[in-house]
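Next, two complexes with chain A in common: one pairs it with chain B, the other with chain C.
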Partner chain A sequence: MRTLDEKETAAVFEKLFKFTGPNLKLIVERPAVEGPAGDDPGRYCFRLHKNRVFYASESLVRRAVSVSRERLVSLGTCIGKFTKTGSFRLTVQSLDLLASHARRKVWLKPTSEMSFLYGNPVLKSGLARITEGVNPGDGVVVFSMSDLPLGFGVAARSTQDCRKAHADAIIVNRQADAGEYLRNEDDL
Partner chain B sequence: MELEKYQIDLGNLMGFDATHHFDSIPSSREELAKLCLEKGTELVQAIANALFALPATEDRDGPIVHLPQPTTKLPREKHVCITKRKKGKRAFDEQTGTWKRTHGYDRINDDKDIPIIEAKLSDEPGEDPLGKRKDEKKKRIEKQKKNQLQNLKQAAKAGALPSHVQFAATALPITGTRADLPTKSSKEELENVAGMAATATASGGKFDWKLPGEKPLKHTGKHRKFLPVVEGKGMSSQEQKQTAKILEQLMAKSSNNILDVNKAVTVFNVKKERKRRMEKEIQRTTPSKLEPKKSLKKPSKKH
Partner chain C sequence: MAPVSQNSNLKKKLNKKIPREEEVRASSKEIESFEFDPGSEEEDDRSQSSDPEDELSSSSASSDGEPLADDFLGGSDDSEEVEELGSDSDESDLEAKSRAIDEAKARAEEEAQEELQLNIKGESDEFILPTKEELEDEAQQPPNLQNIHRRINEIVRVLSNFKSLRQEGASRKDYINQLKIDIMSYYGYNEFLIETFMEIFPAVELIELLEAFEKGRPECLRTNTLKTRRRDLAGVLINRGVNLDPIGKWSKVGLVIYDSQVPIGATPEYLAGHYMKQAASSFLPVMALAPQEKERIVDMAAAPGGKITYIAALMKNTGIIYANEFKESRLKSLTANIHRMGVTNTIICNYDGKEIPKVLGLNSVDRVLLDAPCTGTGVISKEQSIKTSKTIEDVQTRVFLQKQLILAAIDLVDAKSKTGGYIVYSTCSMLVHENEAIIDYALKKRDVKVVPCGLDFGRPGFIRFREHRFHPSLEKTRRFYPHVNNMEGFFVAKLKKLSNSKPATSQPKKEAERKTEAAAITNDNDSEILNGNPEEPTITQAVKKNKESNTAIRNAGRYAGKKIKPTGGKKNHWKTPPASVDQAKKKRKFSSNEKNGPRIKRRKPHQKGGLGNMKET
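Up next, the complex of A and B:
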């Protein structure tokens, strides 16, 4: 387990920024919930272990240091991993974190929820609601009508274009969804 | 002729005229001899004068004068005992009765040719005589080396060090930068350098056979520095600084994206509309007689 160096931190923050925007500050400077009471609560930090990036509070990290490298499996929340070529990918485990700080959201109709969870992209026919000011290429978090986060992806069209588009047009290209917990159990 | 000052060395009973030169080269040998004798006579006279000037002590045979120390340095003669002897490459070995070389492989007086060493009364039983000979030889060599070193030191002290010998300490430069000082490379340094040099091949030294005893290079790969995983009280200040810096850079880069262009355009348009409406109101309520009246007549064209 080690800290991220500057390049790696920049890559992680950029990916997160696509979804959260200025709310990224809240993620980075979040006061820890757990930890020694009374003292000034430590913050959350990012740590790298076997090409996976974990988001955990400082007190948790301090305790995890006593576990040896071969034995340590996971720590806090895994938000993504670095590929062999060095690029960073967000995984579905970061969904919870992104959903609470998302800037742009998309709500799905109940009929197309299952389709999305199977791994299909969001079509115009399944779209119930979308936030204003979405531009193509923006990070977007997908919710169900009951405000349950289902996954996230990249918007293919702007909000205006969505209205004009026909029913089969792809609105959101899916990057990760909650169904992956069953499909790609081994990869996570 | 004026009186010339001769150099008199009474210790050697010698007189020397430094300014003497022949006015004209004498024609014959006899002439030369005559001139020299004349000059010599003068010098002897000068020596005698000097001698009689010295304080004399009375003795049975007559006055005795102690000569002073000689002032001229005469070269001393060679020491009689030091004679150079040449030893041939081959010599007759008494033990084996053959001609062998003096030094090296198959040499004369080698210990391994001795078949038997007779024991003396002083020898203890259980002692290895050949081993003893070996130890003694070692001791002799050590002593010789030590004496040699001591001699050199003494010579250096007296200032008579042979020209080809120079002590390491005196060879250091007195002025200059630290880079001029010859530094002894340590074993680790040499190993590192050798390792680095070994990677200077087309395939990075991966497929070269290693010599026996050559250890693989320890610090291969690029040097990377990381912040400590956990430090003291919570997140270290360095980590905080790093994250803050990167956050700021990100925010700054995308600050122009935060502005919603469409919204700004509509807001601007609305403002403009309102302004125009206000101006129209003002125009209607204040009619001005100075305004040029529009003529109702159409200009007709005369064909």
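Up next, the complex of A and C:
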């Protein structure tokens, strides 16, 4: 387990910025709650372990040092992993974090919730609501009508275009969804 | 007249109700005799005292003159009408008539009672233990399940009232043997399991238990209080078409599912981490543990993560939890569940439970939960293969492992912790060897005491069991049964660590002790499984200095039936680990206990050091 170096930090923040925008500051500088009594939880930090990036409080990180490298499986929250070519991808486990700091959101109709959870992209016919000012290429978090976070992806159209689009048009390209906990448990 | 005729009508109706033909005939015969010989009681007596068969013949004989006699059902109807005509004749005979009717009725009832008694006695006398020839015949034919089931119930009935219902010349043992064979073939258990159950439960409860195992328990789920409330979740699920109820007074987060139109494990709420599918019995150890906020908790066998996520929810994501899981294959589901439920204060690691005190340090955490790997005899309804696959060797290996794990768990806890100092030990098994015996062992080896679990239902644990005598505080532990509590068979015990010291442990004679330990599972008095912690750290530290691989733990792991993995980058020069857990198990298993006696471990000449007491012979 080690801290991220420059390039890695840049890649991670870049991906996060797509979803959160200026809220990124909140993620990075959040005062932590975890940690045993008597330990100052400190801030949250990112650590790299076996190509996975973990987001945990400083006290948790300090405690995890005693666990040997090959025995440590997970620490705090895993937010994503680096692929073999070196690019960073956010995984579905970061959904909670993103959902609480997301700038752009999309709400789905109840009928198309399950379709999204099966891994299909969001179509115009399933769209119930979308925040204003979405540009193509923006990160977007997908919610159900009851504000349940379902997944996230990249917007394919701006808000204006969505209104004009026909029913089969793809609005959001899915990157990760909660259904992966059932479909891809091994890959997480 | 009217009352009399009414009376007689009523009596005829009463008489009609008695299903016995003889009685019907007798009653109609009375009526006839009464009718045609009004007031002559003697004739009534005669007709009453004569045998039903005689009455039959006499009635059929007299039927020539009486057109009503043959057709009993129709005849009584007709005779009613004739009755009314007949009774008009003499009013002074009314009293006599009514008396005769009363007596006839009383006698008919008496006879009915006797008949019933005869029938009852006939049934109990009918149950005779099948003779050898009958058993051989049965063995040759395909099993007649109804027959066997009936026989099981009969034997249980006899056993419950043995003195009065027993068959002459049959001892209790004969009945029990036959019951065992029948249960094995009807329910599909192997002999070892039935014998152990018979040691724990009386016959009637045993059958209830087995039936409960066949049925299975209702599905339960636990609300994730980090993300939602039970009320809201229940509302949402009901809208989706799930039929559910709160699980009971004892839990504020549990829900029991009766049926559902959607798959419970795939709703958007499940995927968003609002609830966890969990057996009701799995709530109990966490409720007993009662973790507080900002504590340090260790769960030594955490997969698939139901209890860990419950602990985190109770702690509101503060403090720190170490979730340990030995089997790699189960780590994925543990990690996934922890992330899905939004738990952020957990470190997941992949150690052998016995190593954790070295990794984290002795006396370093506030509470430990040990849901020990066991034979699983309490969850047979979920896993039917347990019925046939458990043997005494399985129990022995498990017991050995459990003893090591509980000592490791106790060593982890800091007795001086301000808020904690507790260990909860739980298994999903009902065998005394894996439950009370382990706690008794811990009480002898470490400075701990049993405290109440905080669960007000469930039966107290055994203090005495056959020839074993356990510490009396063990009655504070709790046993749960499927047929009593409607949850899987479970055992929970809560220990408080009184001080960090370990009582001085005796060193020598470990081989002999190891043998006796293997031979008699619960012979705890002399055996030293871990050769006392004081020695262990020094030896293993020495070993560790030389190699990263931990010989001691590997040896212990081998005996406990675990997969052996080389740790670190260093290679195992002398031994390649078995390709799969099954292979490792195959090597260790002996075909039968009688052939080879207690398990004899052969040690290779190059192996030295580690825990010297592991060697046998």
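Methods note: the second predicted complex is superposed on the first by the 182 of 188 C-alpha atoms of A that agree within 3 Å, B and C clash if a C-alpha of one lies under 4 Å from a C-alpha of the other, contacts with A are read in each partner's own complex, and residues count from 1 in each chain.
Methods note: a contact is a pair of C-beta atoms (placed from the backbone, for glycine too) under 8 Å apart; a residue touches a chain by one contact, two chains touch by 3 or more.
Just so you know, these numbers come straight off a predicted model, no measurement behind them.
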| item | value |
| --- | --- |
| Side-by-side fit of chain B and chain C on chain A, or clash | fit |
| Superposed arrangement, angle subtended at the Cα centre of chain A by chain B and chain C, nearest 10 degrees | 110 |
| Touching partner for A:T85 - first (chain B), second (chain C), both, neither | neither |
| Winner by number of chain A residues touched, once chain B and chain C are compared | C |
| Partner chain(s) touched by A:R47 [first = chain B, second = chain C, both, neither] | first |
| Touched partner set for A:D5, first chain B, second chain C, both or neither | first |
| Contacts of A:L24 with chain B and chain C, given as first, second, both or neither | first |
| Minimum C-alpha spacing, chains overlaid - chain B and chain C, in Å | 15 |
| Chain A residues contacted in one complex by chain B, in the other by chain C | 59 |
| For the chain A and chain B complex, residues of the former touching the latter | 1-3, 5-6, 9-10, 13-14, 17, 21-22, 24-25, 28, 40, 42-43, 45, 47, 58-59, 61-62, 65, 133 |
| Chain A to chain C touching residues, read off their complex | 33-37, 56-57, 59-60, 63-64, 66-68, 70-78, 93, 96, 113-114, 117, 144, 146, 148-150, 178-179, 181-182, 185-186, 188 |
| Complex contact set, residues of chain B against chain A | 224-230, 234-235, 239-240, 242-243, 246-247, 249-251, 254, 258, 260, 262-263 |
| Touch list for chain C against partner chain A, complex | 236, 265-266, 268-269, 271-274, 294-296, 317-320, 331-336, 338-340, 342, 344-351, 359-361, 366, 418-419, 567-568 |
